[in-house]
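Shared between the two complexes below is subunit A, which has subunit B as its partner in the first and subunit C in the second.
Let's turn to the complex of A and B:
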């Protein structure tokens, strides 16, 4: 924890993106989380992803609930819209915002308490409705702000810092998101930005509900021997099914890969996801097989990471409801009120 | 080949990170005294300087500042810290420090040392040796000490009382002075039974420009350093209205600005090569031009024109620079007509030379083919076991801070020689490395990096400055400016020290680093590794700090190049794998092996 703002001075070779912004322009204020918190790495990954995607900061809205994770939007995208909502209620506030203005890019940041306990219902309905958003859960398996009780994503058999064993079954948000119809589902690890940054980029450009479960070790309360969310445990049990390269339309694919080792997925906006497969037979388009694979690997104690499922033809809430393409907040009285002549006509038709 | 873990126990490793101190010939611990200035401890800051460079007040006005181009701040923003002018602040506001100075030795050790010349090199030897009990005798042809500091540097850059004060601090250490005594025989001096002789006699001869008309117009053509010396001692008080200064070094700048104050209303500097190639320090050129002195370039003097024994002007050939097939830069005739510039006086400042007419060539002291004494680069001993050289006399004209550095080393050698020890056994530096951690985000140094740009030193009003050759032009920082400028220092001597065993590879330091200098990656050969860091390490003069293998078999690599030493990596580190430790290195001086440190 530091009180000092990050110095404005930067590396002389710091690059700018096509908008003329440097990566530093996507940062927020200095983090007040504990030193070494995984959440800060996720914030840094979001900063990287938005910078590399050339996203105009004022076209992004970041929303969160309550908790360590939900504090983090202050620490990135300091020039974007932000809403720190009620505990567990980020999804409904975000859904409302998305309905009012479909043109912003929505980034929901939540934690395992905010989404798997108090906000579980909210999480479920945002997924099944296909709200066009990125939903990131910064998952540390512990209630850090209240000093380390098990959270609902804590694995059965995991030990707390004080030696207590967790007897409750863990909620697997990734499996739930898949069952509930999310169009993009991934899991990653705060300690592996090489995997996380392209996943966030892919999720930001995905049409519909994109869910990322990001394991984020709590250095204060959940980074000990016996924890299943510590840096060491996650590194030992991380089973990445693939690594992703995010390629914008402008870029060309020039590297040759062995046949069958690479799959290119074209997204709605024209960007390409190049999947470098590690588990050769894993199919990111087969929802049922993915759920089954996850259950099996979980039973053997492995943590599956990577892009786990992506819908080839995604749609979102606005598509399902067939709304107009103009954002609702831009509709004026003339658009919304057809006038007395139209009313008379309607009334006449009902007589 | 993989990089081996960095050995931070080697004093050179962190010393190189303190760019200013590494660049300083005397290795003055710059950030240390700048912090003391920021803390308002001016006398302490002065003493840190005095111990290292002997003439803080003089150097704070006249140093060639090799530290400033090296300053890390200059690599992360526009300009380096005004190190030199902060040194002057320490001197200006120190108050009375006489009680802190060493006292003359109470007992003599029976060894007698002769110093030839009372310039900065000799005075440094005297300062180092006199307190140890040596009987030190300084000879100089002038009536007061200081050498070229007093004779050649104009008083509007360096007031007389500053010279008197700091030369006095040395002479008051029980040094015997024999002024108005020019040494004309080294053999004679050795015959007086001195245990060692130190030649700090400088490079006293100004180079002449032998061109047609030189003899005929001799009355109005002056050798720069001789003229400056005559001005300095009050023998010359006027010059013609139109003056041409030939040469582009700092002596030329002193000449033109002095001429401006002695009646020269149209003073022009003319250089053979380009403006950029001039040897003068950039700030001295700026100061000259500010005093309405144009600097004309690519003009080679051909002839002094004269009439009835009086100089009428200088004829120049116009040239341009070309790179020949061997890549050498050459000046070629520009194919334009020659230029004649009328003038009343010419000052020739085209270089200085050594001259040793007082050294006999048959006493076992070898000279090389350029007629320079053969002097050991480390020990400063000549081929005569009792004769040592330093300052401009050793390796040709340099500047004061080099003379001081030479003096310290020569003093060590003389001390070793007098004690019958091997001269190659140089005493190692004193090094301290200590954690600055006071709390989770508290350090015993101010790690809040200032965003201020370099502050300009206030100058005397031009009309007042030009009217009086003794009116100092630079007024020095006031205390408020001094504090703000001191805060620009990045504290490069507070080092980031990494402990492999404590690191859990959480990336917190990588994420917080404002200059992207930390990377966790697979090890590799240095040249290749430098290309794949978070920010490519393109400055090859700056080292990479590499850890041993970590748990994931990766290594931590830190590019020292633009580290702000803000300590945020250490603040964000959950395990204390990063620590901020103050690195203090004092170069050994004569007798320091038995000092109280």
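Let's turn to the complex of A and C:
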């Protein structure tokens, strides 16, 4: 952890994206998390993804709950509005924000305690509603900020740093998100930037609820032998079903792949998801089969990663609610207030 | 069967009595009873109907009580002058509630022993079930038309204009015209029977009047929802709870009428029935943070659940509007009974040092105006605004002044810096008090690519929204919040004063739904020579006028509908008034407060003189 201010000096040759922003413009203040924390890698991946996507930083709203993960929005996208809300309640705050202005991109950052323990209800209902957002859980299986208690995603039988064994069944947020109708579901590992960055880019451009469960080892309290969320354990048991290349509309596909080994998914905004299949029979569009696959692999101790489900015809809460295209926060009196004439008519009907 | 009481002893009243219908819930009586109430209103006579109902859908007792008062007293009154006893389950208590000389109307199909009646009331029996069974074969029809038949009989007994009833039936079944004729038939069946077999009219009669004027009749919840529409609310998030659900449902109804784009059919509103009250208030806060006007409607248990978020909205300074339709607590309490019991829970909601703004509407008219105003105040003050209704005004149709709206009125969006402001180089500090009123500037997310972004948090922060635990920064911020609260006291609706007819050293403070009973009590007390200056408090924080009023009187009665004298506590705490000056007048059994109760309690204290200590015999 450091408390030094971040230097403002930029290298003059720093590359800029098409908007003229450098990667620095997507960074935040310096992280105060422990050195080597998986969460910092996720923050870096978010910065990388947004820079490459040419997203105007101020058009992203980043929201979080409470905990180590929820502190991270300070460490990326410094030109975006951020909201560090209350424990486990980021999903409702994000839902409300999304209703108020459908034009911004909503990035919810949460942890396993925040989403699977205290906030499980809100997590579930935000998925059900199809709120247009990217919801990332930085999943380390412990409460870091209160020094290492188990969270609800801790695997049964996992050992804490002090040697206590967890007897409670783990909550699998990925399976839940799929069952609850999320349009985009992925799992990744903070130690695999190559896999994580394109997944974040695909999620950011997905229309509807996009969920990424990102295993992110806690170097202080959950990186020991006996933990199932340590760097070593995750590397050993990581089973990627596919690898994703995110391709914007402008880019062309140039490399040829053997037939059947690649699937291209076209997204709402024109971007393409090129899936290089590893598990040949895994179908990212078959929700029920995906849930079953995950459950079987989980039973044998494997951590399945990659793009696990994507809805080819996604919609979102605004679509379901048939709201106007103008953001609510731009509507004026003439749009909202029926005026005195309507009131006179109403009065007459109430006599 | 008509058991005539000596005419001299039976009640003789015109346009001034209480009729109570005892029914079983789920029996379809509600619409017949409303028809009756509305016909009285159409005759120009003020009526205050009240539903007294259980937390249940079918089978339990329910009452519909109507205070008919040419003088315009709309508060509840003790005792029943005419009991329409249609529920055998509650027979004994219904009979007992009739005032001496009052009337009982009942279904005499099944004979009852004389011991079940009283000899100081007029008993009017009509074989309703028998009439229905003869006329209708379908059991559902027998039940529904029985209700209309008794309304027809009452029309004859009380001299209700039958034409008004016929018109109302026509209005009620507009679009379902097939139902009009059978209902009118049933109405006449009842009326004809009464005219032929019963002594009509009885001593209680209705005579056409013009005492209603241009007033309208609406439930407070619907009026508040309409206020939210006019106030520009676009996001509503709620969780069903009695007695506030009908507020959210009315918002849905009015939005469907006024907020759907005529060309595209798209909605200029979003209503989410959330998974619980925590999510409801979270959505409201998220939407308001992002610049939309948002509200939730709830009741006591919901207020308890929302506490943590209230503290966040207070400390991070985010607008929110909360309609609290109060019901009897604590805990689940009496969900379908009224109280003013959430004042303290709202005024100081959440952990840490907090204070919140409350508006206290007295009737549906104010539910509408305060409902709209709440959104301006929330944006102006960047804090939660609690609009405190209760079940009595929220869920009962109440005669109220018609709604008005000034078409030149603009929404007050408060201190919001735009991209142009930022571009022009105006200094932006989210918690920087540049105007000295404690209210700082905010920006909506997405305003400017490089300026004006900030991090909203529930943790302590400096003027530029940066996290800090520095003592001076924390204290400065907490002091500024107090300054903002003082500003709030100048912006909320001022109290209303009603001076006594004669100079007096006695005052009374009251608020919300107590108004109707208080005004009636005041008239009665004045007749008895007890004169009171009245002050109706309409908001918290209190303005200086409240202190001045109390200082100008020797004794001030604080009349409210809770056990712990919550408004009095707020007055003592916030204005540092000597508690000995403030006499509690409390009613909290779940029924609406009545003038009779207020008169009794005030009389007791107003007349009490100091009794010298008597020495015991040596």
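One rule holds for everything that comes next: the second predicted complex is superposed on the first by the 328 of 351 C-alpha atoms of A that agree within 3 Å, B and C clash if a C-alpha of one lies under 4 Å from a C-alpha of the other, contacts with A are read in each partner's own complex, and residues count from 1 in each chain.
Keep this in mind: a residue touches a chain if its C-beta (ideal position, glycine included) is under 8 Å from a C-beta of that chain, and two chains touch if they have at least 3 such contacts.
Everything numeric in this text was worked out from a predicted model, so none of it was measured.
In the superposition on chain A, A:110 makes contact with neither subunit B nor subunit C. In the superposed model, A:153 makes contact with neither subunit B nor subunit C. Contact with subunit C, but none with subunit B, is seen for A:73 once the two complexes are overlaid on the shared chain.
In the superposed model, A:238 makes contact with neither subunit B nor subunit C. By the touch criterion defined above, A:34 reaches subunit B but does not reach subunit C.
Once chain A of one complex is fitted onto chain A of the other, the partner contacts of A:223 are limited to subunit B, with no touch recorded for subunit C. Looking at the shared chain after the overlay, A:339 reaches subunit C, while subunit B stays out of its contact range.
Considering which of subunit B and subunit C touches more of subunit A, the answer is C. Common to the subunit B and subunit C interfaces on subunit A is no residue. Of all the residues in subunit A, the ones that touch subunit B in their complex are 1-4, 6-14, 24, 34-38, 40-41, 43-44, 190-191, 193, 217, 219-220, 223, 231-232, 235. Contact residues of subunit C toward subunit A in the complex are 41, 212, 214-218, 226, 229-230, 232, 234-235, 237, 258-259, 261, 264-270, 272, 274-276, 278-292, 294, 308-309, 312, 402-407, 409-411, 443-450, 453-459, 467.
The touching residues of subunit B, when paired with subunit A in their complex, are 75-77, 440-441, 447-449, 451, 504-508, 510-512, 514-517, 535-536, 538, 551-552, 562, 564, 566, 568, 571-575. Looking at the complex, you find that subunit A touches subunit C at residues 56-59, 61, 63, 73-74, 78-86, 89, 91-101, 103-104, 121-122, 124-125, 129, 317-318, 321-325, 328-329, 331-333, 335-340, 342-343, 346-347, 350-351.
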